[in-house]
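Here it is, the structure in full.
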Amino acid sequence: MSDVILATEGLSLSFGALAVTQDVNYGLPKGARYALIGPNGAGKTTLINLLTGVFAPAAGRILLSGEDITKLAPHERVKRGIARTFQINTLFGQLTPLQAVTLAICERRGHGARWLASLRTHKDAVEEAYALLELLNLASSAERTTVELAYGRQRLLEIALALAMKPKVLLLDEPAAGVPVGESGELFDVISNLPGDIAILFIEHDMNLVFKFAKRITVMVSGRIIVEGSPREIAADPQVREVYLGRGHHHG
Amino acid sequence: MVYGVLLFLMAVGLSVTMGLMGFVNLAHGAFAMLGGYIAATLMAKAGWPFLGTLPLVFLVVGLVGVLFERTLYRRLYGAGELDQVLFTIGLVFMAVAAATLVWGPLQQAVRLPPFLLERIKFGIDLPAYRLFLLVVGGVLTVVVVLGLERTRFGAQVRAAVDNPRMATGLGINVEVVFAVTFAIGSGLAGLGGALSVQILGLDPTFALKHLVYFLLVVSVGGLGSIPSTLGAAVLLGLCDVAGKYYVPQVGAFILYTVMVGILIWRPQGFKPAKRAR
Amino acid sequence: MRVTMLSNRLKRWTLRFGAAAVALAGTAGLAMAQEPIKIGLLLPYSGPFADLAVQMDGGVQVYMKQFGDTIGGRKVEILKRDTTGIAPDTAKRLAQELIVRDKVDLLAGVVFTPNALAIAPLTVEAKKPFVIMNAATSIVTTKSPYIVRVSFTLPQVVSPLGTWAAKNGFKKVYSLVSDYGPGHDSEIFFKKSFTAAGGEIVGEVRVPPKNPEFTPYIQRIKDAKPDAVFVFLPAGEQTVSFYKGVTERGLVKDGIKILASGDLTEDGQIEATGDIALGTITSGHYSYAHKSPENEAFVKAFEAAFPKGPRPNFFAVGAYDGMGAIYGAIKAQNGQTDPDKMVEFMKNYKVMSPRGPLEIDPETRDAVNTIYIRKVEKHGGKLLNIEFDSVAKVKDPGK
Amino acid sequence: MFAFAKPALATPADRLIAAARWRWYETAFWLGTLLVLFAFPGYLQLASQIAIVGLFALSLDLLMGYAGIISLGHAAFFGFGAYVAGIIAKYGWGEPLSGMVIAGLSAGLLGLIVSPIITRLHGIALLMVTMGLCVLLFEAANRAVWLTGGDDGLQGVEIWPIFGTFTFDLLGRTAYLYALIVLFLMFLVARRIVHSPFGLSLQAMRDNPRRAPAIGTDMGERVRIVYTISAAMAGVAGALIAQTTQFVALEVLSFQRSAEIMIILILGGTGRLFGGLIGAAVFMIARDQLATSYPQYWYLGIGALLVAVVMFARGGVMGGFDRLVRWWRARAGAGR
């Protein structure tokens, strides 16, 4: 696995007595289109929060291209190429998509703290942002404030913001959550057409989407990875069947 | 200690409206002032005994609170902090002006019954009124904690604040719950006001000038926890009194230094930290 | 509707035009006779100190009711401006506007020292007499030759008290003052005269100006076991809170006397402090209960103007006497308002005021007062400051 | 600057790049402020104080309106600037421009020192700590009588003529022009900031502090920068009040100052640059006209006004204005 770009070693975290992440060893190679599934409360979002630095792990390491990034602050990890979207829309309500993406691009270039430079001197950033919005079919909404956008468009903007970071790794937390069924396929088409060298890990509950778009699937239960494999292997795995089909028994 | 209890008496109502309901209610002092004026007027004009006025003060100010809640406050539950600050400051200004128009700009005289002016020997001699405040403070803590934190109603309030829609789904009448909570909060404010005029005096700027102290206590205590509010009030009271007695040179510095220090150390106040999610 | 508006505007325009024409064409004397005398009155009409403005504005009104609103055939016009409190920038702007835009003949009023100090340089530049009706810090009058103060200074009031206390059996005194300019002045000057006469200050404490709770300080004083405590607190809520602490700690019951500047038992609010104030000894230049025909007339007129209270206090008298000085100065030149002549007159002003004899020291342009030693007593259900000793012609010892 | 014929702007990108251009109404506004000189020569004192308070409100707007950092103690920087300017002048250096620059830099430095505390706090704790720090500074100034003059105020502040020629006249012409020009320059700076990537990042932080780090924003750094700039601007406003009044009183550090400027800003409308200026004008003119004649009713009135703004005109005067314009445009569009 020489082309693994993001890896964890023995990652663990507890909230009080509750272990939410237990000894997770995971690897994401270049160009991956991987999915992370599991029942509610399995610790999927927590894992993303650990990878992006929202939480600090109690034990274990996180490596990006071999470099230990366990101690880095969230914005520093972003600079090194880890971008994410959020499960629930968490956008910048009063900014327009164009402004938000422009900002993300400026941040990527390290220009976010330049307080005396008007956008006129960052013309190329604005143009790049607009091109990105066009790519994601958001050009027509570029000038409305984010709060006014329809839900599906906001999900797209989430992805646009993440892409603006030119990430090496893109972590998508339920990108289609709340999007009408008809539109979610379109959303995933956009995702699968993203540049091939980006490693993508997404959390998703809709198994149709998962099996259609993921090359490899990881299953988490109670903070642990219980099994990893190709869609076919996962579909056939008895443990997974038990988790999903037998869920009623466990949660009673 | 006693000063702390006094601070607590004035702040406990705010801890209810601001802490439990999450409304930045700077008009708290206005309700407290109203309580003070009602007590003072009843005693001076109608010759009521001091203790007799207290329940009435609680009721009347509570009712006035409901009135404001139904007509004005409830429209702002979803609004931002800034809007709430501006709105309630506006109310305070109006209250100050109205009090000046009705009662004039001067200090009101409040005469206590003689038995509360006695001094009682308990090793050290304590003025009866302070002892009385201690008792009232203790009783209030127990009542409010039992009433708002341990009962079904308390659970309903919390549910209604956390997620109004879900609470409605559970069959809770959110509107009524909010109105009643607000009534309790403002009633307590009125009671605190009436009890404090003996020590703090009463004039139309009461609403504004003691506001800082209420906020101090509530913020140091942490929002929404009555025992923490009491703890904060007593601690701040002790610091203030001890500071004034032992190192009067530094005077006003103490209270604020303590507050700034505590809030930098623990921005959420004394309240036990919520588990991260 | 529209027609009346138009005609009103026309009227206003012709009036303004007419006045200008008169001023241009007529002789100065003729214009003078018709133009009103304009006095800019700067007081904190709104905000937390509005009650002081009520007193002082009342003093002005009462004077004008008693002595008419014309001098030498010219109408007296009072231009009221709201300083909102301690706000030197606002005060200075208002003074500037009064001088430049409204063309007042003189400035008057001012409760707070910082406001007076900010205005002072303007009066030099514009040559406008500036009658200070309160602002009681010593330095004020040194800041402009056009300033005349008819009120008092704190050193002037507390110094005689120090001497009196030492001579009347008080050996050890604890001092408690508010921690700001006037408090510091009181502390220093009481100590000076008290120790000079053989007394001893056994402890000093300065309390924060917005302090709501006095018990710890009073406990501290009690533990020091002095003969008396000397107090300066600004009139208002602080004095009430102080007495509440005194009641609770039983200071008076322990035989510790309270000595204070007149602010502590100020006439307007003394009833709010209650009977605990009985026996407090203060020094002051004015008492509501001062016995003289002048004061009787003044009190009667004031109470007729304000039947619901408050009682007039030293703020009201300051404003009343300020108007007296202004009227005198303009009368002396038959309705003319030459600024230097006005100041010259006021420098040597002498009057029997409701407070007692008042004169202005020509050297310093500051008030010279008779300072009375008073005791709080109850007469006819009213708490009053009853004068029982006095020191005549006290100059400000702060200069 | 008079772009009557608008160039065609093809794409949203072009329009965003051009967003920082001057609009006709901005030009009109600033020309209007010059007109005051001739239209209301008797009100120049008031006008210059409105300009100064407007600058103070503008500094708070950067912090509160754009970065979403609430402060109930902004008078700390205003007062600090005022005292620095006043003390420099008192001890022999009365040159106004350099005095103002030094005052601004000092206040900025104070802001920089305080800012690490600010980054850790939000909500009510932030409100109380900013207020507490301001009270502590007030008390310190009250105690340091030897330096500040304590309660009596700082006397002997003598300001030399600007460039050695323009003295501060009684009419207040110099003071007004001086304050206006400084306000204008500071407005340009604020405008630049708002239209910079940094400005966007402030708004992003305000809208969603959880999300901002996920696009690579270092929030701590941004708070430090904006707090420093805002403090410096407030310091400049303070220096102006000290220099035009030639006097400094403790009141510049008071809680009332902090609360009042917050009210003025919210009244005018936050996050709009012009909000603070409009708020200052409305508030101060209303007070000047009403307070003396109706002191009680004035307080009742300002209270009612605040309540009404929250109830019916969220976003203050400018917010209401925006809605009016939008409504007008919608109507015009529908009519076509």
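Structural remarks
Note that the chains take the letters A, B, C and D in the order they are written out, and that residue 1 is the start of every chain.
Just so we're on the same page, contacts are C-beta pairs under 8 Å (C-beta built on N, C-alpha and C of every residue); 3 or more make two chains touch, one makes a residue touch a chain.
Because the structure is a prediction, the values reported are computed rather than measured.
Note on interfaces B-D and A-D: more C-beta pairs are in contact across A-D.
Ranked by separation of Cα centres from subunit D, the top chain is A.
Chain nearest the geometric middle of the protein is D, using mean C-alpha positions. Here the CA centre of subunit A is 46 Å from the CA centre of subunit B.
A separation of 33 Å divides the Cα centre of subunit B from that of subunit D.
Averaged C-alpha coordinates give centres for subunit A and subunit D that are 41 Å from one another. We define each chain's centre as the mean of its Cα atoms; on that basis subunit B and subunit C are separated by 37 Å. Counting partner chains per residue, subunit A shows two or more touched chains at no residue at all. Shared interface positions of subunit C, defined as residues touching 2 or more other chains, are 50, 179, 208.
Annotation for subunit B: residues touching 2 or more other chains are 100, 251-252.
Against subunit D, in their complex, subunit B makes its touches with residues 18, 24, 72, 75-76, 79, 81-83, 85-87, 89-98, 100-101, 212, 215-216, 218-220, 223, 251-253, 256-257, 259-260, 263-264, 267-269. Subunit A meets subunit D in the complex at residues 52-53, 73-76, 78-79, 83-84, 86, 90-96, 98-100, 102-104, 106-108, 111-120, 122-123, 125-127, 129-130, 139, 142-143, 161-162, 164-165. Listing the residues of subunit D that touch subunit C in their complex gives 42-43, 45-46, 49, 139, 142, 145, 150-153, 155, 170-172, 241, 244-251, 256, 287, 291-293, 295-296, 298-299.
Put simply, subunit D touches subunit A in their complex at residues 11-13, 15-20, 189, 192-193, 195-201, 203-204, 206-208, 210-219, 221-222, 225-226, 229, 271.
Note for the complex: subunit B touches subunit C at residues 3, 100, 104-109, 111, 117, 119, 125, 127, 129-130, 198-201, 203, 205, 208-210, 213, 240-242, 244-245, 248-249, 251-252.
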